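What follows is a set of notes on a single structure, which appears directly below.
A, B, C and D label the chains in the order they appear, each numbered from 1.
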């Protein structure tokens, strides 16, 4: 019989992952650790790295130097060499498959990447106090993906130990924080036969004991980067010979914020990052902006994206510059299906420790689980994004974020119970 | 009798300085090397570091970490420890004084700093071919200040060996490239009794053998840096809570370029550098711009500076941000006096190797020797900025710039001859 | 007994008003015609012009020349001289009061002004075909306020003829199209004792026979005008002496559209009008912009308004200009009360010609009836804004808009029935 | 023998022209009056209206309604019907030719149009006091072209009465104030054989008795108008359907002022006029800007013009608008030839009333006499622009401008003397 993790094992695993936070496409240690665990189970299939996704659809992949640096870091931290080799080139993530006879195919998606945030060293911060603070300085699991990966494994064990009938796949997806991995995984082939998909997130400002059966209100998002190239010139001697990349970027920024509001619903635009130039007395040859547009629906996001690209290109033309625009991340909107929402609520009723059940809540942000949800829904399947509350001292994406580990067991029970019930009822 | 450098000595010194290029306020090795030389001469006074300038008027002084790094680099390169100690805190530069009886006080100003440019490794580039390429990678004497310092020492020796009557002071001024040192040295006290001031520059697109008796057309300049501070916010969830520092900077850039032309003469404006923000999905809390304004006269520069500050402050207010503006460098305009121009021309006639003498030429750029010139002129003295041609393969401020070392002797003869003549004729 | 208009009378009245469309604060003929009608009824009170509003709260009042011109036009069209005299200074509108014993005080608000639109001359356009096209060229009842005033009179007659017990007030409000009259009327004193308020609008893209019991989704709005004053200068000879009012306006426009979206709901911004300058070769001394901000709630509108004023003032400061900002119109958001909504629906069930009843619909625009609704609601009363469908060939605010006159009778029945029922049930 | 005007006649003529100021291409009365005078002389040729210019090169021609209005005004003022007919369509201006045997062909250019300025009614303003104030309210000879036309006639008479040998042509050029007529006249054929060209201007801040032998410093200029067309939309209900013409214009304005300064010399840019939109709540469908660019040389003006057009087109594209750009006026730079300058100075020495002779002065503005000067110079001829001082109480282009009529005689003597001398000496 397959290995079965105890709760203590799972807490240890979560803390180990927490000590080794890795950002998008650099989850080498994380993937190796997960695969190492998975190999101790009796699985019907296990796909790793390039086997789980459509390589052409990966977004925001770092350059080789950057990938090498994190690869070496993972090796130094003790990641298994034979697994690491399968991840070369930033092909992180894994898909584990259980086949248990006749029945529907059910998918579970968990994400595994971390954030470029420096973790608190404060005594009140549990990971600091108990010795599992980030060892990759400047990076941190500040959104609970360490818990997500751990819960994913726990659910796999629970489903394996149940009388589940059907096929169960767990997707350990890389690169969610930049919404850069969801599309590649959605189009990687392993979702094609999935009838039901669940995704989960801990926290989201809900306390331990609260369950949100189906989260909605995902803002569709598109991240862009625009690199402007002009011509340098000495600003005192020959200013007219410059094609001013800083001025082109400034014109773009001013006008991007001026994209018209839309009567169909909420939209957003932000130029979060900008930079350019080399010296005060040189007309800037190069500049860049990085930003994002969002919409309450995919159509609204696409309206914003279309206008944004027109504006950026015109700003370049206006100042005799060239520009290259790249999409660095993207996610559609999506909705949780009511049938699954009801089922999850019903299951949650009898889970120990659950004391509040919300039918739905608005995310108000973006997530690329929506690519997977939409992929399944477009083929006639059902999907839901389940929120499992956790007491988190600091907010998401802050340096004092932490997960109440009691959540791990509750999440496993809610989700594995739901998966068993879906297989049984096929709603 | 005082030590007297041979031409070979001077070429060696220039090449040693060329190997150790140091940027503004970090000329530790350079100053130590010059002072070491000066101490072998019979001087009447030698002022070093804080003794030569008004500390309050230094602009663009780097932070302590940066200063320490270069201090250690100078120590490692063999700079004399006892001199280095006198330069702590970025107090570089020196003033050497000869007193030779009754007569006028004459000053000579040379600058000693280098540029943040990576020197060519090409075989055709003499310093690379002959082994005196920059050892401070990323920095380079690309404007001939290594030659200026060397020539300053040579002139001191020549005047000392002549029948000069009066007082002669050589100002080895730090931090010209950022026009950040001239004002502090001008107001350091040592110019108060100077009756005549000469400054010199090699090259300026004039070949070896050509002398420009008095350069004019200095654009007055002011370098500014503006740091915008707003409030961060999640661009998807709470965009209205952000005070957008990137947008404030963009509004400033757009409007700075729109400052009205002036009917009194040429003006310039450039935002050479910009940056801001932390992530695509965060409204930027901080941003900055660095730039410069210039004018054909000091008044025109001040018109531009006044308008620029108003625009920057309004752009901040407009987007509910704060802004701090700092002046990072500044230089007035100035004119060479005709009496000195004529005298230099006359002396040059009989200098061997001089085959072309121009009365004047336009610099078309900025220089903070103008602070020293103006200081002397405002007190009734005369000043001239002398150009000594040199064949330079690459342009000024390019990675293949180099000085024809034959210029060293010519410059010493032209300037020391002029100084002797000034003392004799007191024009 | 009081005069009672027949349906034919009402159609004639509507067509007469349609022939004399008058814009905000210039409804001289319209008011005189209404008052003339009212004086034939047995009213308990009739307030005219300055008696109905708080004069300090009028917005966007035209200058005297403009008022005089329309005053004369009304006189020439045959308006009663004695009534006209009471309207001098642009004090248009009236309030009619019926007192019928014990019972609640119920108000009905109708608006009476027209739009600056040139009416179609097309044969297919009924007013053109049947000879009641606008006689004030360039102005038109393109939003049905001619019908509103007529319906108001019809309801007054119907209530007077019923067994209504209580007090009934009809507010013939001027200057709705510019949202410039609602506030003044709301604060005019006559609402202080009103327990229930109904307002009505025909059309709104609903066909004849459809009733919307309580319209919601009023965008709060604020109209602004900003007048920039700089200094003129010859653009060739002395450009630097100009303080450029056109440039200030352009900076304001660019940045107004960039006000951040708000996570609490929909916002809007528009600079609909701009103008400035006198000649190509003169730096513009004067310029102006006129625009509006809106919000799904009053708070959101105020957020937009606050940001807009900061931006406009900073744009002026930025370019050394002065600016005067005036609020030219304003309306809060509001909601129809559910109790009235239900009652209106119930009454409509038995009105002949009503074949579709909608509980609510979104206006998606702005209306200053909201001032009156809010005034009543703030004092514990109830209010509803009732939509009465009408087949209108062209859209609202287009030159082919027209009202299906069958609507007049339906509207009178729905509203007078509701008023009787409110008095009886006091919900 | 030809009629010869006395000084009294000339003063009368000037005052008559002053009473009938007419703007560009509408100089119907003015041309008719001049032609009427010319027909009393013995001329060898007289060209009127379409015969003097290249019709395709006329700029800024008003529309037919506007032309008709002024045509009727001229008729009403008593202009000769037979001459008026030759001017139909805005073909104003005339060329008079004297042939006096062998000798060079010499041209004289005077301009005849007025400005859209309301003339002062002040008692101190001589034309008001003496009854020859403008009868075309809102228009005024505020730049002395009434005197120019008069002086042109006086010079013709003087040359005719002298022993001049050669051919002499006087160009009465329309539409200088908008720099819209010079090009058409330059290319009209009558300059092809001109060897020497003189142009003249009174005043220019020089007092009566001062002559400027050759004015220089003409800024080349190009006037543009850009009409933006977007799509209208209701700003509250459907803002996203608008293509915002006001926003496009604002983006254009902001960026036009940001065109880089040029190291070759002075440039200018101004958007003097702007307008757009129909209502605060409508996204503007149409807007326009009118402005100008200038340069110290024709090349600099063309640099500005090229950049301006790119910016305007990009601003339109940026906001999904179309734009049409038209050139409404244009003039190159030019220089007065030194040989003529010297000759005029020499002649002026002996002219009674001349007490100050300046070799040259800078205009600092624009003039389309430069088209004619350049046309002659390009074909090997010489040209000079002569300034004849006049005491003018108010500045040029102000409502109190007036000409000291003593200047008329001085100008005739200086110019006719110069023409005789040119013919004699052929410098």
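Please note the rule applied: contacts are C-beta pairs under 8 Å (C-beta built on N, C-alpha and C of every residue); 3 or more make two chains touch, one makes a residue touch a chain.
Worth saying up front: this structure is predicted, and the values here are computed from it rather than measured.
Considering every other chain in turn, the ones in contact with both subunit A and subunit B prove to be C, D. Taking C-D and B-C together, the chain pair joined by more C-beta contacts is C-D.
Chain geometry summary: the mean Cα position of subunit C and that of subunit D are 52 Å apart.
Taking each chain's centre as the mean of its C-alpha atoms, subunit B lies 69 Å from subunit C.
Residues of subunit C in contact with two or more other chains: 237, 239, 244, 247, 251, 254-255, 257-258, 260-261, 263, 268-269, 283, 364. Residues of subunit B touching subunit C in their complex: 237-240, 242, 244, 247, 251, 254-255, 258, 260-264, 283, 303, 310-311, 314-315, 317-320.
Contact residues of subunit C toward subunit D in the complex are 116, 219, 221, 223, 234-237, 239, 244, 246-247, 249-251, 253-254, 257, 268-284, 287, 290-292, 294, 328-329, 364-366, 397. Of all residues in subunit B, only 254-255, 257-258, 260-261, 263, 266-269, 364 touch subunit D in the complex they form.
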